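What follows is a set of structures to go through.
Each of the next two complexes has chain A plus one more chain, namely chain B in the first and chain C in the second.
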Partner chain A sequence: MLDFLQQSLNGFATGCIYGLVALGFVLIYKASEIVNFAQGDMLMLGAFVGWTALDVLGFGYWPGLLFTILACAAIGFLLDRQVMRPIIGQPQFAGIMLTIGLAFTIRGGVIMIWGPEERSFHTPFSNKTTAFGSLAVDDVSLSIVAGTLVLCAVLFIFFRRSRLGVAMQAASQNQLAAYLMAIPVKTVNSLVWGLSAGVAAAAGMLLAPSLLVDTNLWIVVLKGFGAAILGGFGSIPGAVVGGMIIGVSEQLVGVYLDPESKGIAAYVILLAVLLVWPQGLFGGAERKRV
Partner chain B sequence: MSGPLLQVRNVESYYGPIMALRGVSLEVERAQIVAVLGANGAGKSTLLRTISGVMDPRVGTIAFDGQEIAGQDPDKVVRLGMSLVPEGRQVFPFLTVAENLDMGAFGRRDRTGVPEDLERVYRYFPRLAERTGQQAGLLSGGEQQMLAIGRAMMGRPKMLLLDEPSLGLSPLLVQEIFAIVAQINGDLGTTVLLVEQNARAALGFAHYGYIMELGRIALSGDCADLRDNPDVQEFYLGIKEGGIRGKRRWRRRKTWR
Partner chain C sequence: MRFDFKTRYEQDLRLFPHRTDLLGNGALLLCMLAAPLVLPQYFLGELTFLLVYGVAAIGLMLLSGFAGLISLGHAAFMGIGAYAHAILLEAGLPFALSLPLAGLIAGAIGMLLGIPALRMTGLYLAIATLAFSIIVEHVIGKWEGLTQGHGGMQVPEASLAGFDMGDIESFYYTALAILCLVVVGTANLLRSATGRALIALRDSEVAAQALGVNLPYAKAVAFSLSAGITGIAGGLFAHRIGWLEPGSFNVVLSLQLLMMVVVGGLGSLKGALLGVAFLGVLDPAIAILKDYLPSAIGGAAGLQLFLFGLVLVLFVLFEPLGLYGRWLKIKAYFDHFPMYRRATFQRTKTYMQSERYR
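Presenting the complex of A and B:
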């Protein structure tokens, strides 16, 4: 039983990362109906920028985290403005292909700038555990869970309470009307990209201590994509919950069934859920009007 | 500044290769209500979309309050004080009524006037005041139209462009909404340019009217004159002359061509 809880918690922490990647997908998809396959590479870039901030520039952990999020948000904003905006009006497919190109470009750029070798950085949570009764949880996992919850709360308040957040929702619900309300839709879309890149960077900073700062970090995008679909692609809570389901089930399958099948567990669950609810867990409330 | 508030000169707009506006010119005087009438496909909505910047004209000039606005993005045009209430209402379906109205004031610099305007919108449309927390997508068609007009009012525009406000509404609601628009025009001096298929309702309350056919202005005049024009009566108001088998032919030719 104790082991089960322990494993669930580890899976839950990984699931939070998947959830954050899925969240980035959903934000951009809702704003511009583009699936941003560079989401995983933004996360990887975030980890490298974070390493630079901590180990090269000598920031403390918290200022470094803030610096990383802001720097990556700025990169995301500029990517939309300079790279994605010129193809507005082209078929959706072109935009999605462009994000795949962006993904490879970011990966190549990171290797050119930082080199391919792995590295790690020190955080206040590294190599520590907290005991809950007889359950020992490492602090890195706790930091992932806590960080995800804080990010979700901040985003929730931002979208509900701030005028810019409501304007982002408005622009995604009816672009024409948003224009007519003097909402600068193009800038708002770029800001959504910035937000999404910031979330990815935060996820990268949270994930890096439990793995390594490595160019292969982008692979979480595959699980994150699954999580976004599981949650209904278009629902923010759905994305986070989808990520958690995939993370926990993957971990439990790996431990109790077969370590070999850990990799496919996520997709088996995804297929099973989609067979029962083709709309995804939280989808379907809003259909696209044709 | 004197002169007409809006001056459209020889505007041509295209949908791809298809010419939708074939050289339209019109003027809207300050504090007037001007109606543009016409059948389906006459180019009425295209005209409003072109004026508000949603579409760019290929030829022609559009001057608003002395400033050239042809080819500008719609969010810039709105900031100059011209709000379009688009066809089919286009509210934000998953935002509440209050949030929709707040978005209407998004481009405003003087935040201090916003509560006052919000109160005024609720006074004009008491039904919205009862539903502030409701999602706009769940409102009835008439309420959505009221919300769309109210939302445009929140920008405190000098000019309101209304695209088919009567679309899909009961005759009673059409009267109610037109009465409120006339009241807004009277109270605040807001200039109104209105596009309608419902000629009877529009000619009843506008000051000046233009009739469009196939992308051109076919006829214009004071609404009282237009109401008396036999061609307008026959083709837009459905008033028949003579008896059923009198001298009326099956289809009379329009005299303005």
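Presenting the complex of A and C:
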């Protein structure tokens, strides 16, 4: 039982990362109906920028975290403004291909700038554990869970209380109406991209201590898809919950069923869910317009 | 200037609408037939790779370019085809039987995937195919009794009508013949009612349904044919690489195939082949470019990936119709000279077309 709890908790922490990646998808999807295949690469970029801030520029952890989030948010904002905007109104396929192209460009650029070596990442949480009764938990995992909860709370308040958050919701529900209400829809959409990139960077900073800073970090994007689909691709809480479900079940499969199949548990769940609910768990029935 | 003045329906259905098309394609075929006489072994080998990719790209084009169903997992079908072909050869079947069987197996699995995929749309389908391809890669690695797992599998030697597949020249001709068959077959399919149903499905599912297209049937046909063609490409690919590993058929290969199709121009068979040729030229071009760049940039490991991504981004942004679209524009320029107007091909300004219905 103890072992079960321990494993679930580990899985839960990984699941939070998947949830954050999925959250990034959902933000952008709701704003512009584009699925950002470059989300995983934004996360990787975040981890590398974070490493540079901490190890090269010599920032402390918290200023470094803030710097990384802001830097990546700026990159996300510029990406939307300079690259993504011309394809508004084109078929969904164009968006998918464009973000795949961006993903390659970012990954190649990161390898060119930082080189392909792996790096370790030191934080105040590394190599420490906290005991809850007889349960010992890594501080890194705790930091991931806590970071995710804080981010979700901040986003929740942001979308409910702030003027900009409400404007983002309005623009995602009906662009034309939002435009008529004097919301600068283009800028708001770019800000959503910035927000999403910032979330990815934070996820990268949280994930990097438990793995190495490596160009293969982008692979979480594939798990993030699973999370987003479980959550129905339109709901922010759904995305986070979906990520947690995938993380926990993946860990349990790895421990109790077959360690080699751990990596594909997420995809089997994803396919199984899509078989039964082709629009995801929380997606409504939709018909395309003619 | 050339006028298309059609007086009979048959003119609309011709395989080669103009005599010049026949001439152009014939000239291309002659060049390809003569290539082994001129090219050194190395380039011939690379050209053979392109022919194999060409078959796979046609398969993907049928699904993504004509039926409008996005697949991010076509490498899986290539893998299934390659392994099926190698295993059947191992079991003692002749090449002439095992390659079509490999295509059939891949097609059947494609149909199995297609049936649940019928209910999914765009994005969900793309991600489902991605998940499928990762699972297939894993299963191939795990099923050691059949595939020898991650250790890899030697592709047995084979021969067709006295031609040894190990010999680069005879393999080149085999691949060329299969590519021609696939191209002509697909072009014919697209002239038929089924092919037109696929195109209607891409343009608007609801409208196609209203016109009497049987959606599930059409989608299943698209999926199984596309998977079958890609499976055949996989069988040829197996001979070309000689050693099969599950990792050879990963997401990166799927994305490469998709990139060929997009860069070439979605919705045209010529586009698929142009895309393959373009990427085939891009790779060595980057290698040459590396020598001329300062070593800090040229020597960096990520340069190739970076440039690939950049090319894809530039194509989507500036030439969404791909190389084939550019070719059409050049042709129109000379057809209409000196009356060419840029506006002919200008895209109408669109606002966001929501695929959500709320």
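Here is the rule we use: the second predicted complex is superposed on the first by the 278 of 290 C-alpha atoms of A that agree within 3 Å, B and C clash if a C-alpha of one lies under 4 Å from a C-alpha of the other, contacts with A are read in each partner's own complex, and residues count from 1 in each chain.
Everything that follows uses one rule, which is that a contact is a pair of C-beta atoms (placed from the backbone, for glycine too) under 8 Å apart; a residue touches a chain by one contact, two chains touch by 3 or more.
A quick note: this is a predicted structure, and the numbers were derived from the prediction, not measured.
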{"item": "Partner chain(s) touched by A:L176 [first = chain B, second = chain C, both, neither]", "value": "both"}
{"item": "First, second, both or neither for A:Q82, with chain B first and chain C second", "value": "neither"}
{"item": "Chain B versus chain C as contact partner of A:A167, first or second or both or neither", "value": "first"}
{"item": "A:N216 touches, of chain B and chain C: first, second, both or neither?", "value": "neither"}
{"item": "Which superposed partner A:T130 touches (first chain B, second chain C, both, neither)", "value": "neither"}
{"item": "Superposition-derived comparison: chain B or chain C, residues of chain A touched", "value": "C"}
{"item": "Residues of chain A that lie at the interface with chain B and also at the interface with chain C", "value": "173, 176, 286"}
{"item": "Chain A - residues contacting chain C, complex", "value": "32-33, 35, 83, 86-90, 92-94, 96-98, 100-112, 115-116, 173, 175-176, 215, 222, 225-226, 229, 233, 260-261, 263-264, 267-268, 270-271, 274-275, 278-280, 286-290"}
{"item": "List of chain B residues in touch with chain A within their complex", "value": "52, 54, 73-75, 78-79, 83-84, 86, 90-95, 99-100, 102-104, 106-108, 151-152, 155"}
{"item": "Chain A partner contacts - residues on chain C that touch it in the complex", "value": "64, 68, 70, 116, 119-124, 126-128, 130-132, 134-135, 138, 142, 204-207, 251, 255, 258-259, 262, 266, 297, 300-313, 315-317, 320, 349-358"}
{"item": "Residues of chain A defined as touching chain B within the complex", "value": "163, 166-167, 169-170, 173-174, 176-185, 286"}
